[in-house]
């Protein structure tokens, strides 16, 4: 089985307090891997370990090895000579749990990261922006307000904006931290469908609290508790329908 | 249905206090300047300053004041932005901290020390390197820009800090380097404060007395090259004040004050218009 | 009056004005206050103009000037002057300069901008950097009146605002020329002979050297009480000593 | 894009280089000349230090009275200017709108560009005015100097306070409001502490300025010798003026060196003030955040 | 039927753009009223109208009348003489969609608002803090980290902190903007149960995207679309079980 990520003995602590400890896992390249666990169990930290974002926080200390499949090769992302963190983060896009638009207009929010990619082309970038906004269902709502500061929009709109921003970057791996948490059912479905359609193009790792959503999207599930992996299970190993839901909620 | 914030009384009081003091000051300067103008009139507006022969021209000083404050503002401001960038990401962390501390201490370096030390350090350097007497527009401009930098950097810095804290993680996740975050995100977002610090710096540059007195040579002439000596209005005030009472020379001092104020007002309005325009564009 | 006169006195005396006076005033104040701590004497500078203004407005009791009062100053405020010392003013150059003598005509031409190079007065070739003092300064007044005979001053003359600054400027610059009070001359600057006379306090005192000025104390109306005692003290033998030590030539009272 | 960053990078390094070099040169120069003369006799002259500190005997030929005078002056200036300055900054940041805001902020900017010498002149004329009207005995003194200095340092206080409050994220205000904080409480418990670092920057600027300005105090009551300041209405000595005076009137090399010594002392005094202020701010922030 | 809120012709616009227009509704005092609607439909704006928070945003303009039942009386909250906005906001607590801890420690986050209430008593306040943290299931997780800055905690922890902060204030009316959006199932249930237990003490208005949760907690439902009310329906009018879910998701 092709892998998208290989994690060995990953430990992360902040200010001396373990957030993730001694985690090893292998995430398949195909389909979406879903992280589940109670609040504070280390899901976000785990996710951030995949794009080296934990390092930007105060009091970080980490050990272990993380390899990601980038450009067809497995690369050790924590070894300096293979990849700079910046390159890594451009290739491994992340959507945050709490929407975090930059203090500028919608348009700039999406265009700016594109501009910084070598070989930037304005009209192509504009296209990408439009596509990304359409995918997240935001286009109709904001197309006449593209130059409004992003923080004036509703919570769900901001969340979708952040998703669109990451999608427009066309990363190789997508990290999604509860991308639909503050969205209504219809918008969630729109995005879920889109994620399914992307399944074959990108590797995706996502956090979800919604078991139904996890089952619908995921093909591999990792359960965390207090920073440790309780179980890692693939969809094939689960029974169909209601029963699966039950098993999963018991595992939480 | 709108909530009229009720302003705490001490804030209103302090705003009123500050504005009344300022009005008193402005009225005072304006009155004195008008008085001076009435009494001395057109004799001030010529190019020769030679009190012994009854020539009281202050035009070259107006020119010098404008030239010196603008040139040092431009260099000082550019360098201030540079320093802010250096502190917040362009420089290695230890150097950044070092620079920040230096700038903080620099606020405490007395102007007279700058002037004093420059006479011994910078003036010979310029004299031997570039020629002239060393007391020149260039000398004063370099020191003045150094003098106004801490003020500007400190007032930009607080905005930089807050905005960087807000955006750095997001930017990192989008694959920005720390430099890119500063250049593309923080800098544009703190535009407003960068502008207002320029105004603060301009004020400081235009209002300084000691540096031009000690370093600019004080010759009353139109300085055309950076190596020429010049006398600014502030230096003029200082020079005349310490030596004369009454007479046209003394009156010229109040007119100089008035003109300085007038120039500052114009520069202020100009700045504001420019800022509005630039804001409209982006 | 000798210092004993201050016995049993009380009060404050504020002095301001000419900066050249400060060493004398300060030393006198020090002696008086040490003798009788009940007396408080403050000494400030500011320049001749400030001195006149402040004593005229009653902000201080003695205002010092480095020049004679102007008519309108006397009439406006009713001031009384006491000249207590003579200070010579000398043309100075950098010690590294070869020049050892200058004539008044040469100096006039240099300050008028007609002579621009040291070569023309017999020195090493190089542009002359001319330094002067601000208008209204006592030193400058003496210089323009007595050294260059009210000659023209080129606008390009650099202006410095004190004797110290002048000294610093000339001591730094091999091609500089300027003028300072004789008391300020030391080994960092050099005073060439002026029309053949060595500028020194002796020559100034015996009248050979003509470029001199008086230092004045001014009061509003005739001095009384502590003020009078102080002025008398300056003219007393002890005061004369102080004046001499400060580098000036004392004048007798009532001149 | 890349070009812009490259440009900025060059600028950043250039600026840092410029500042650091100039500063080190300045400090090196000062230390080279000033350090050898720093000793008790620089401070106290011939007076015994203990007697000088208790003020039982006046100090001659020492900078002690000027040192204390500067401290008093800075303290007095801050006492007069701190509250109104910060208050006005907050007012501009949060409570004024439209024309009023524009006018007031312009006035502050203008105030910033009033030359210090004019400020001193203002104080001088003010005291003349007072003598003719309300208080015939008023004279130039430490309170007048502090008052004029307060005017001088006000703009820095106002502008930095304003900018550090305005750059706080909006959500902070919204949160405070939604928790039912009154305006007053929000200011005291959220905005001012959160903007504390920036405001402190302003205070440092103001203190530095008050400690170093010469032109203002020259016309409003500073003297060459007066002993320790005797009260709010007395004349005083101050270090910057002492330095200025030395630079202008030194007669021999030794005197000049003492000037450098005084400059170094002033610098150290200011640095100590800054250090104390930032220490205080850190303690207060810790208390506010309640964090360890 | 006793009312907790009476809204008449409420319109709110930002920068001239309507966010809520001509909305009238009567919310019952008993039980929880739930706002539903797609992202950007004006739910948050509606909620903010109930504690006059909209006015603190730039470009706000509003009209209409809102009466809340406070201290047993109906009060027009927008008329100045009845209530100051500050008092109002203390009595009408709100939890935000995007967690908004103050930049200080957990303890200070909860204690600061309590300290500012007249008649503050430290030991009582500490008790309240502990109770509130326990209710939100946070106590165990943070009790040894009470002095850590709040923004270092996980998204769900922050959300629960904000909820605890509001609960500790013991408001009369609670406004909840998706309080469980970023929480796992267990934590959500904990909070849901708690809200149910509070039903009789406070009036509550809440936004939810989760229909199951809405049905479980709510007794009155308001559906918004593009700033207008589509339907307002009480639980009694709905059929039981699956069917209700279906009807509701059709209404969205």
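As written, the chain order gives the labels A, B, C, D and E, with residue 1 at the start of each chain.
In this text, a contact is a pair of C-beta atoms (placed from the backbone, for glycine too) under 8 Å apart; a residue touches a chain by one contact, two chains touch by 3 or more.
Keep in mind that what you see is a predicted model, and the values were worked out from it rather than measured.
**Q** Just to be sure I understand the contacts, which chains border both chain D and chain C?
**A** B
**Q** By mean C-alpha coordinates, which chain is most distant from chain E?
**A** Result for the farthest chain: C.
**Q** Contact counts by the stated rule: is the higher one at D-E or A-B?
**A** D-E
**Q** What's the distance between the Cα centroids of chain A and chain C, rounded to whole Å?
**A** 81
**Q** In whole angstrom, what separates the CA-based centres of chain A and chain D?
**A** 51
**Q** What whole-Å value do you get for the distance between chain A and chain B if each is reduced to the mean of its CA atoms?
**A** 49
**Q** In angstrom, rounded to a whole number, how far apart do the mean CA points of chain B and chain C lie?
**A** Result: the chain centres lie 35 Å from each other.
**Q** Could you list the positions in chain C whose residues touch two or more of the other chains?
**A** 46, 50, 161, 165, 168
**Q** Which chain E residues touch at least two other chains?
**A** Within chain E, residues 56-57, 85, 98, 148 contact more than one other chain.
**Q** Multi-chain contacts only, two chains or more: what residues does chain D have there?
**A** In chain D, the residues touching two or more other chains are 1, 183, 219, 247.
**Q** Across the complex, what residues on chain E touch chain A?
**A** It comes out as residues 14-15, 17, 36-40, 44-45, 57-58, 97-99, 141, 145, 148, 152-158, 160, 177-178, 181-188, 209, 211, 249, 252.
**Q** Provide the residue numbers of chain A that touch chain B in the complex, in ascending order.
**A** Contacts found on chain A: 51, 53, 56-57, 85-91, 93-94, 96, 100-104, 112-113, 115-116, 165-166, 169.
**Q** Quick one: in the complex, what on chain B touches chain D?
**A** These residues of chain B touch chain D: 5-8, 10-15, 17-19, 21-22, 25-26, 28-29, 32, 78-83, 85-86, 90-91, 95, 98-99, 102-117, 120-121, 146, 149-151, 154-159, 161-163, 166, 179-180, 182-184, 190, 192-193, 196-197, 199-200, 202-204, 206-210, 233-234, 237-238, 241, 253, 257, 260-261, 264-265, 267-269, 272.
**Q** Under the definition above, what is the set of chain D residues touching chain C in their complex?
**A** The touching residues are 58, 60, 127-128, 131, 139-140, 218-219, 222-227, 230, 235, 245-253, 256.
**Q** Give every residue of chain B touching chain A within the complex, in rising order.
**A** Residues 163, 166-177, 180, 184-185, 188-189 of chain B touch chain A in their complex.
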